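First chain A sits with chain B, and in the next complex the same chain sits with chain C.
And then the complex of A and B:
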């Protein structure tokens, strides 16, 4: 406890950088193993648009030159690493010549807003329900109702998304069908815009929450059952503490610890995790960007999005490593257990 | 005036195989300021009784008859919230597993505070602080202990935190459920003294639950003996121990191994002719072995050689943290020494070929402390026994494997027809521990390393299992390293005893000399701290346990090892 020792911090930072470097390298290697040539695809797309392309060979050579594909692999790799460091992933091939970083910068806030919010909400709801399910003093009705509600967990997110759309947007007309904000509002920090964003974000967020809370609830339930059998919970009861206090301070407080680690891993995945939800709600986030890029075989965008996912996972794991010793006094900042 | 009246209490546990009567028609009472002991083996219903008084029986157990009265309270009919308020304020419970009884993520002072607040509401901060300081001082804990987390305390300190908690609201009844079972003898004496002092000071009644006759003799006024949920004897402690009327009580008193007492081993089987190959090479040798973890020396340099020509039982005794288990795992090759070599029949165990390593594994078998963790729960007993036998190439046919398993079971006193087709969870701890001995025996080893083989087994079974192990020496010619904290059993089974303290050998020699007449102050303290099942014998002599511990800390760690008599076939050197 106390301050974070410098050696520990250094160690974690080095691990973080190594992880990101290895991941970035893999992202570079894997597309090069693919038999598909992005330049060919672009040319194909031009041909499809214009009927026929003159000077096809010349354009192909030009494209290869532009993308640096004529350089030796080592040079390509070094250039790539330099670009990664400056978060420059080059130009999108599908929406040529938009920069990948521009696309990501446009999409990221939407996803982080929607997903972070829904994942955090899910984490709290799921863990609370899991704890209630396991607690021996919960009303019977609640303990039966929650597992029933978890049926939703087994429904694929697109189905539940479509169901919600049909019910709340198409039939009841409480919420808009698609997109992230209304066509009539001007983006900006105005109340009308924020209102529109919340209104549009509600259904996608809800579909994520009902599909994923079961993951947390089931995990929490198992952890709670283990904690319930611990000697310190029994002594807490023998001390004459109030049942609710035992639930919060003795049971949930201990059972939640492994869930926090799992949460860090989820944070990183949230960008890619709900691709289909973004897709069906036509929500302009990272998921939709990735989905479209895969369809268009837009390698620079795929690379860029993948890198952002990895960066977010690595950073959130890094943050949990720093925070965890404050949550669990048995873990020390030198990485060992006392 | 009785604090607690229990009359005709019966407790049932409905199970899939029918109702288990955990307790039948139990009646007893405790008066103010008195100490009552409840003694019995695991499954005798002693903890169930305690939990019933707290009204904390684990589901599906329920009280099927009788009554429990605590002063003016009828425990069994009290509304839930009044029962909650009676806990700790009227009756407190000091749990068995103090190791895990404190919330790991809360400072210990907060775990006393929340108890006070739950009963008295928010109180004055300054007054609260004074009370906590008094509570910690009252059990001999330093003032700063309160701001620590449980994992930063030793087992003895945690146990004392639990005692401080148990008496903080001056209850009229304290129930202490095996409060010292996880502690070594020196700490045990200190904790028990603390508990008795505090109980006397607040004038509460005390119920002490346990299985150790010696501890009872030194701690209680009255004794209740339970067997399978039935009270078999109840009376004045001195009367029960000196003049037991029930055969079971007699058995319990007799089964306590005593230093200098009669051996529980009985007559040994006639020793067969053992022919050992390569007699010029010692069976096991330590060459200047030491072990350090980081900057801490777990084991100071030592050399020994066990010839193995004649089978020997070498006991390694000491408190937890003395390095005795480290020594055992180094012998087994699970843990490499920091410097020095371990030789088995002249071969360095760290540099063995695959073939040699297999021979080593076959010839050196181990029995560990926890009989529950030593079996794969998915396999039946016959698979668990037969597998290593086949693996090491002993098996010639299925019939021969069967025969060998039957023989091994019989030699540890188990009926193979009943045991072999069962799963481990269907067996008792004692049965499992004997099976582990049987499994080791089937491989016809030359050496057995037994690390606390009976510390988790009921007292009445300990003698039997130790006898099983001991018989291996004479009937199979196997040498044994017996690692234990229990000096009384070491006294009886061993040919040679090594006393370890903080990784150093402090005294060695034949048990009659080392344990029967200790010379080193540490060994003397260990022997004096054993609670004797004799009410007339003073526990620990004239010094208090706290003084003993202080003396121990001040002890000169560089004092030379006290060498007593020699035993042929074993040679020990310590130091550089």
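And then the complex of A and C:
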């Protein structure tokens, strides 16, 4: 257990800030390279949808401000960066004049909750399976059955989501088809509401769990194979320790730690997958907000949601990187590089 | 006791044995590549024998089931539309004949461009070192944490309709990081290895060392990374399509799923509408997984021993 050296910390902080800055800048620049003016598309679409648009002047003024039709580019960019830093993305055009940050604050807890739940479940199931797969004492049957389960892992969560939704929600009607809680229950800390949330969240969580546990399992298997050849495992066997004891205390303990760094690289994909699962289940999180915004061409919301999700991803990666040296004393960060 | 190599040697000629022993001939690679080729073949043969005009809206009756099934209105499937039609009267077979190769094309093109960028940047970083290395390393560290889907959502909702190639190019901007990191790490370790030192001492040029000495050793890793990126690219493309972005006028598997969900195909039990594209995508991903597992065995002999 060591303290984190300052150079390592600095390195990570710089990477985090750079990531967020580059993402914010990309989100700002690329739409401006667009051959079409987003403000045009949006107004056209709104007019087509509603006939006469209420508050049209205000919306237009806001759009002009957002897309910077008034200021020189540098000023626009600086304004944008200032807004991003304060997480202020302006007003939603589809549900004018709600603030984008209000919409995001409403959706975020659902997304974070669903994600934490599925990540924790997959971590345990996946690592346990991976360890069993590589362990020389596990029954043959386990090792034959697991690669079959692995195949499922190559499938993105959106496809597993569709299949589960069709089977358990549309066909069998065991679970509800859409939304994060029932229409008839009042949100609050009541048993009825919690029950409804669990009932609605089960399928979305399952669609993610089913296709991600294999990532851990495959990684764990690889690490276990490496650990099996180590001298200290041989020694433990020679000492006549119980195989189960060797498995838990010698092999899994050493194999599980590098899994955490592998996880840091997967966070981005996981997040993207969950956004899509939320979209097909119309789960009340960021994915649905994003999808609705795309349908309504609500550009400030699209920008805001994308940025916040990228920010979340970058911060998670940062935290994993920071925690890692604490849990694995073998790793020392002397110069930022291993 | 067929597993002992010595007993085989007497029965087989030298080259036959070498082929059997070659790690590249493992069944996972074979079946994986077979699956992908089958999807490509579906696109080619389908184009020759099936009328693709049926992929236009209103070319057929709505919501017909595949042959041998009956839809909720009691209509039975007919051989005119062997795997049914969608909610706006398009023939499903024509849709997937066009759509399936499209998805694969986007994945391959994006990954190929990303790979080339990665090889270039990885070698530059590993060989030149110094400032160049710092910039490339930090940039790939940064870009690897940004989920491509979310930037692309912003891009495409501002750009409106894009072509397939354009989408592949956009995705390619996000799949160069892992090959870059991989190659950089390998180049750094290889630079110290005996044979590279040897080549350098014997006066080989940098180009010769890079492409003749080092690159062949990287091939299994490069392939693995390439296949992983094909998967990532297809997942990203399908993600965009399911969110209603991506090419608007060309049939893709993701767009078909998008339309099916929006039309409530799940509740109406129109399983063929969303199920067939889902199945095809699933097969595509399983094919890619098998190839990747096969390549793992090539590059990591430890896994081979375990079998």
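Everything that follows uses one rule, which is that the second predicted complex is superposed on the first by the 274 of 338 C-alpha atoms of A that agree within 3 Å, B and C clash if a C-alpha of one lies under 4 Å from a C-alpha of the other, contacts with A are read in each partner's own complex, and residues count from 1 in each chain.
Here is the rule we go by: a contact is a pair of C-beta atoms (placed from the backbone, for glycine too) under 8 Å apart; a residue touches a chain by one contact, two chains touch by 3 or more.
Bear in mind the structure is a predicted one, so any value in this text is a computation, not a measurement.
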Contacts of A:123 with chain B and chain C, given as first, second, both or neither: neither
Chain B versus chain C as contact partner of A:263, first or second or both or neither: neither
Residue contacts with chain A in the superposition, chain B compared against chain C: C
Chain B versus chain C as contact partner of A:239, first or second or both or neither: first
Touching partner for A:317 - first (chain B), second (chain C), both, neither: second
In the complex, chain B residues that touch chain A: 54, 56, 59, 84-89, 92-93, 95-97, 99-106, 114-115, 118-119, 149, 151-152, 162, 165
Touching residues (chain side chain A, partner chain C) in the complex: 14-15, 18-19, 22-23, 26-27, 30-31, 34-36, 38, 41, 134, 150-151, 153-156, 158-159, 162-163, 165-166, 169-171, 177, 222, 225-226, 229, 265, 267-269, 271-273, 275-276, 279-280, 290-291, 294-295, 297, 299, 302-303, 305-306, 309-310, 313-314, 317
Footprint of chain B on chain A - complex, ascending: 136, 230-232, 234-243, 245, 249-250, 253-254, 257, 327-330, 338
Contacting residues of chain C [partner chain A, same complex]: 138, 141-151, 153-155, 157-160, 231-232, 235-236, 238-239, 242-245, 257, 261, 266-267, 269, 271, 274-275, 278, 281-282, 285-286, 288-289, 300, 302-303, 306
